[in-house]
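Heads up, the next two complexes both have chain A, just with different partners, chain B and then chain C.
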Partner chain A sequence: MSHYEVIVVGAGPAGIAAATAAARSGSRVLLLDENPAPGGQIWRVGRSMLKGQSEGEAAKNHALKRLRDSGASFLFGYSVYDAPAAGELRAICESGEAADCPVWGEPHAVSLRYEKLILATGARERFLPFPGWTLPGVFGPGGLQALVKGGFDVKGKRIVVAGSGPLLLAVAAHLRGYGAEVVCVAEQAPLAQMLPFAISLWSHPAKILQGIQYRAALGSAPFHLGCWPVAALADIAGGKLTGVQLTDGRRTWTEDCDLVACGYHLVPNTELASLLGCAIEHGLVKVDEEQRTSVAHVYCAGEPTGIGGLDAALVQGEIAGLASAGKPTRSLQGRRVAERKFARRLEAAFRIRPELRSLAQPDTLVCRCEDVTYAALEKRSGWTDAKLQTRCGMGPCQGRICSAALETLFGWKQISVRPPLMPVPVSALVYSESQPVNLKENQ
Partner chain B sequence: MPDGTVMIFLNGGSVAVAAGSTVAAAMLNAGQPCRISVTGEARTALCGMGICFECRALIDGRAHRRSCQVVVRDGMIVETQR
Partner chain C sequence: MKNLDVVIIGAGIVGCACARELSLAGLRVGVVEGKSPGCGATAAGMGHLVVMDDSPAQLALTHYSRSVWSELMAELPGSVEYEACGTIWVAADEEEMAEVHNKSRICAAAGVQASVLGPAELSKAEPHLRGGLAGGLLVPDDGVVYPPAAADFFLQEAVQAGAELLQGSEAVFASQGMVRLANGTKLTAGRILLAAGADCSLLPGLPIRRRKGHLLITDRYPGFVNHQLVELGYLKSAHSTESDSVAFNVQPRRTGQLLIGSSRQFDNDDSRAETKIVGQMLERALAYMPGLGQLSGLRLWTGFRAATPDKLPLIGPAGALTGEVADPSLWLVAGFEGLGITNAPGAARLLADQMLSRTSVIDPQPFLPNRFAAQEAVYA
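Let's turn to the complex of A and B:
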C-alpha cells in the first residue's frame, strides 16, 4: 500500500494549486485524477481552436510547470471509489490503460494511505429535463466543449447555447473558435437578477474584461437574457435534431440548429466528501478559513465548497495545500474572502427561475440511465420511494445527473452516499493487503 | 494532441479518426450512437466528463466503457452498447 503525507483528489485548478503548495512546503504529495492528464475541466487539454487562442493558456501552463517542478507524485487515470477506513482510499483504473497499471487492459485497483487528504473534486453541470433533452445532439455546454476538445468536429455546425451561468458565453466563444456557427446564447436569468452581479464585478476588473472578450468573440450572435429552451425538436423519424424551441415567457419561437448545448450552471461534486462524513450545508462542503472540513485531516477546496470559478479554486487550493503542511495562510485570506463574496453573488445572479420546473411533460425522461419518466416520479413521495418503485437514480451514474433535477423539480434531497462511488468490477471490492502496489514515483 | 490519424472499426466499418480523439468524439463525428437505452432510444455523450455514463460503448470487447474517457487507438473495435 502506498503511503503519502498528503493526497489530493482532483487535478483541476484547485487540486493543482493544493498539490503544488503542499509539495513545495516539503510534504510527500500524491495528486490523483480520473482523467489521463491534469487540468480538470476548465484547463482541459485537447485539440486547439482553429482561430484565436484559449484564454488563460499562459496561466495554465505556468501552473502546470510549477506543479511538475514541485516534486509531487501523480496518479492519473484512477478514480476514487471507496474510503474503507480513516486515512485510506481505494482507487481504480477501469481501463487498465494508465501508466501505473501493471497489466495493460486489466482493471487495476489500488489502496492509498494518507495523513492529510485534500478534496478538489470540482463540479458537474446541472441538467433540467425538457422534452427532447435526451436526443442525440443535445449536450451540456461544458460537455460539448470537452467533446470538441476531444476531437468532435463542429465546424459549420449551427449551435444554440442555452441554460444558465457564466459558462455559456465562454463555451459559445470557444465553439466559434472551433468553426461553429453559434445561432444564439439564451440565459434564463432575467436582466434584473443579473444587474447587481454585473455591477459588483467592478471590484473584479479581470472578470469584466474576460466577459467583454467572450461577448466580442460571439460576433453578431444574439445573447438573450430571460430566455430558455422549452423543447428540442427532431425530424419525423425522431432521430435527427432539427431545432430548439425557445421562450422568453411571453413569446415562443423556434431556432433551427444542428446541436443544442444546454445546462443550468454547476452542481458541486460532494459524493466523496459525504462518504468521508464531512458536514454538508446547503449542498456545499462546510469548510473553515483554512479549508478544513468537519472531519479531522480532511480539507476541501474549489467548487465543492461553493461554485466560485477559477480564481476561487486557485486561492482555496493554495490555502488547503499550505494548511495541510502546517504553513501560514494569512497572506491569502484577503483573496479568499473576496472570492467567497463573488461566489455568493454568482449564485444569486444565476438563480433558477420557477418556470423551468414545469418544462418536463409526463412522458419526458428524468432519469436517463433507467428511462424513468416525469409521470412515474410525480407520484412518488421522495427519493427512497422513487428508487424502490421506479429504479430512478439506480443506474450507472448513481443519480449524479437526475439528483440535481429532482431537487429542482420536487425539492428531493439526495439521501445517502454509499461505496462504491462508481460502478467497479467485483474484483475491485475484494480488498487484499497482499496485492503489492508499486506506483512509479515522479521524484 | 498528436498528429496523424488512426483507423478504428466502428459498428463494423473502418473509420479514420484524428489521433488523440476520444472514442465519444469519433462516434459523434461518424453519426453513430454510443448506446441504446433501456427503452430503445439512441443516446450520445451528454456531460463529456465521465459523470453521466450516457456515452457507454462496447470497446475492444469490454462493455460499458465510458467512451468520452477513452482515447482512440489503431485497430480499436468500437460498437454501440445495446
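Let's turn to the complex of A and C:
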C-alpha cells in the first residue's frame, strides 16, 4: 500500500495548483487523474489552432512546469472507485495501459493511503433531454471538443453549438479552428439575464478579452441569445442527423447540420465527496475559507465547490494545497472571495429557463443506460421510487448523466452514492490487505 | 380522523401483499409508508423464490408461498420480471453431495420437484462454474422476481380494491387501535398490522434482530448464469446464528445482470458496505465461478434482514408480545429474514385467514407470535 501525506484527486487546474502548492511546501504528494496526462477538461492536451489561445497556452505550460518541478508524484490513467476506509482510496486503471500498470493490458487496482486528501474532481456537462438528443451526431460541447482534440475530424462539418454556458463560445471557436463550419451558437439564457454578468466582467479584463477573442474566432456565425433547440432531426431511416429545430420562444426554425453540440453548463462532480461523507449543500461540496470539507483532513477545490471556471480553480487549488501542508493562505483570500462572487454571477447568468423542462416528449429517453422514457418517470413520486420502479439511474453510469436532468425536470435530488464510483471488474472489489502495490516513483 | 378495518404499517413486499389480500377480502385497508413502497429490505434483497427445508414449518410455508406465486404468474406485469430459472444447490465435495441426496429425499416427500445433478450435468447446466465440483440439486420450479416491482404490483391491486396508501410520513405511534403519523395524521382501526421488517421501533422487544447483508450487481451478461446458484455450504453459513458468514449465491436477472452475494452479519447497524466482508464474499464467489472476476461490477449495497431466533416469521396477533398491557389490536407480519420475497404472498394468505377466521391451507401454528411469549423477557 502506497502512503502519501497528501493525495490530490483530479489533475485539472485546481488539482495541479493544489499538488504544486502542497509539494512545494514540503509534503509528499501524489496527484492522480483518470486521464493519461494532467490538464483536466479545460487544459486537455491536444493541438490548439487558435492564435488567441497563446496566452492560455502559456499559463497552462507554466503551471505544468511548476508542477513537474514541485516534486509531486503522479499516477495518471487511474480512476478512484472506492474509499473503503478513512485514509484509504482504491483506484484502478482498467485498460491496463497506464505507465504504472505492471502487466500491459491487464486491469490494475491499487490501494492508496493518505493523511490529507484534496478533491479536485471538476465538473461534467449537464444534458437535458429533448426529442432526438440521443441520435448519433448529437454531442455535448465539451465531449465533442475532447473528441476533436483526440483526432476526430470535423473539417467541413456543419455544426450547431447550443445549450448554455461560457463553454459554448469557446467550443465553437475551437471547432472552427479545426475547420468545422459553425452554423450558429444558441445560448438559452436571454440577454436580460446575461447583462449583469457581462457588465460585471469589466472587473475581469482578461475574461472579457478571452470572450472577445472567441467571438471574433466565430467569424460570421450568428450567436443567438435566448434561443434553444427543441428537437434534433434525423433522415427517414432515423440514423443520420439532418438538422436541429431551434426556437427563441416566438418562432421556431430548422438549421441543417451534420453535428449538434448541446450541453447546459456544468454539473459538479461530487460523487467521491459524497462517498467520503462530505456535507453537500445545494449540490455543492461545502468548504470553509481554506477549502476544508466537513470531513476531517479532506479538502475540496474547484468546480465541486461551485462552478467558477479556471481562475477560481487555480486559487482554490493553491489554498487547499497550502492549507493541507499547514501553510498560511491569507495572501490568496482576496482572490478567493472575488472568484466566489464571479461564480455566483456565472450561476445567475446561465440559469436554466423553465421552457427547457417541457421539451421532452412522453417517448423521449431520459435515462440512456436503462432506456427509461419521460412518460415512465412522470408517474413516479421521487428518485427512490423512480429507481426502484423504472431502474432510472441504475445502469453503468449510475445516474451521472440523468441525475442532473431529473433535478431540472422534476426537482429530484440524487440521494445516495454507492461504491464503486464507476463500473470496475468484480475482482477489483476483492480487497485483501496483503495485495502488493508497485507504484513507480516518478518524481 | 380516518377509521379503517386494518392499518398496515410498512409498504414492503410483505405489507403490500397483505394489503392486497385483505382489500380483496373486502376490508377497508390503509397502508402507511414513511419513505417509498418497497424501498427497504424489499429493494435490498435478491428476489429469489425458493423452497427451503430448514424445518418442516419453513418447508411448508416456502412451498405454499411458491405455489401462490405460480398462481399469480399469469397476472404479474412484465416489470416483475418473473423468471422460472430454478435453483441449483451446488455441492463442492462428497460430504455436500450426501446433503444433496438428503435434500432430494425431503423434496420428494414434500412433493417438490427436484433432480440430482452429477458433475458433468452440473457443468453442462452452468459452464462457468469451476471444474471439480461434486454435483448439485436442481429445483426447477424455483424462480426469481424483481421485488420492488412485485411489491408495487401487490400495492396497485390493493389500491384498486379500495386500499389507501398514506405515503411520506412514518408512523410514530401504534397502540390500542390508534396510529399517529409523524405529520400529525391520526388513524383508527380495529387492527394494526406491523409489517415493518427489522424496524421494531413501534413495538420494542420483539424477538427480531437485524442481520446485515451485502450484494453486488454487475453489468449485463445474458447467458453467463442460467439458474440461481447457491452453494450447499450456504446452509451451514445461514444456519449459524451468531458469527459473520459469507456464501456463494449468484442470481441471473432477466436484464442479463447478475446479483452476487451473500453475507450475513448480526449486530451491525452500519449501512455502509464493508471492505472486509465484501472481499470475503466476492472471494467465495470467485472460488466457485472464477469468470465472475472479469465482469463489470456496477453497484454494491447493503440491507437488513429481520431475523427471529427460530428462523420462522411472526404471522398473527401480537398477543403477549405487546408487553404488560394487552393490546388486542396489534398484529404482526415480520421476521422473514432472507425469505420475505418468497413468503410474502403465502404469509399474506395465512394472515388474512386468521383475521377473517378462514381455514388455512397450511398449519399457521408454527408462525404465531405468541410462541415467543414465554421467552419474551429474554429479548426485551
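Keep in mind that, in the parts below, the second predicted complex is superposed on the first by the 435 of 443 C-alpha atoms of A that agree within 3 Å, B and C clash if a C-alpha of one lies under 4 Å from a C-alpha of the other, contacts with A are read in each partner's own complex, and residues count from 1 in each chain.
Just so it is clear, a residue touches a chain if its C-beta (ideal position, glycine included) is under 8 Å from a C-beta of that chain, and two chains touch if they have at least 3 such contacts.
Since the structure is predicted, the reported quantities are computational estimates derived from the model, not experimental observations.
*Asks:* After the chain A overlay, clash or fit between chain B and chain C?
*Replies:* fit
*Asks:* Given the superposition on chain A, what is the angle at the CA centre of chain A with arms to the CA centres of chain B and chain C, as a multiple of 10 degrees?
*Replies:* Result: 80 degrees, to the nearest ten.
*Asks:* Regarding the shared-chain residue A:Ala146, is it in contact with chain B (first), chain C (second), both, or neither?
*Replies:* first
*Asks:* Which of the two partners, first being chain B and second being chain C, lies in contact with A:Gly87: first, second, both, or neither?
*Replies:* The answer is neither, since A:Gly87 touches no partner chain.
*Asks:* Quick check on the superposed pair: does A:Leu429 touch chain B, chain C, both, or neither? Answer first, second, both or neither.
*Replies:* Only chain C; A:Leu429 stays clear of chain B.
*Asks:* Using the touch criterion from the header, give the chain among chain B and chain C with more contacted residues in chain A.
*Replies:* Residues of chain A touched, chain B against chain C: more for B.
*Asks:* Have a look at where A:Gly395 lands relative to chain B and chain C in the superposition and call it first, second, both or neither.
*Replies:* Touch partners of A:Gly395: chain B and chain C.
*Asks:* Which partner does A:Asp385 reach: the first (chain B), the second (chain C), both, or neither?
*Replies:* Only chain C is touched by A:Asp385; chain B is not.
*Asks:* Tell me the contact category for A:Pro420 with respect to chain B and chain C: first, second, both or neither.
*Replies:* So A:Pro420 only meets chain C here.
*Asks:* Please give the least Cα distance, whole angstrom, that chain B and chain C reach in the superposed model.
*Replies:* 8
*Asks:* Is there a shared patch on chain A that both chain B and chain C touch, and which residues make it up?
*Replies:* 395-396, 423
*Asks:* Which residues of chain B touch chain A in their complex?
*Replies:* 1, 17-18, 20-22, 24-26, 28-29, 33, 37-39, 41-54, 56, 60, 64-65, 68-71
*Asks:* Which part of chain A faces chain B closely enough to touch in the complex?
*Replies:* Its residues touching chain B are 34-36, 41, 46-48, 94-95, 97, 105, 124-125, 127, 134, 136-140, 142-148, 150-153, 239, 368-371, 395-397, 400-401, 423.
*Asks:* Inside the complex, what are the residues of chain A that reach chain C?
*Replies:* Those in contact with chain C are residues 84-85, 381-382, 384-385, 388-389, 394-396, 398, 418-420, 423-432.
*Asks:* Which positions of chain C touch chain A when the two form their complex?
*Replies:* So the residues of chain C in touch with chain A come to 35-39, 43, 79, 148-149, 152, 167, 216, 218-219, 260, 273, 275-276, 278-279, 282-283, 285-286, 292-301.
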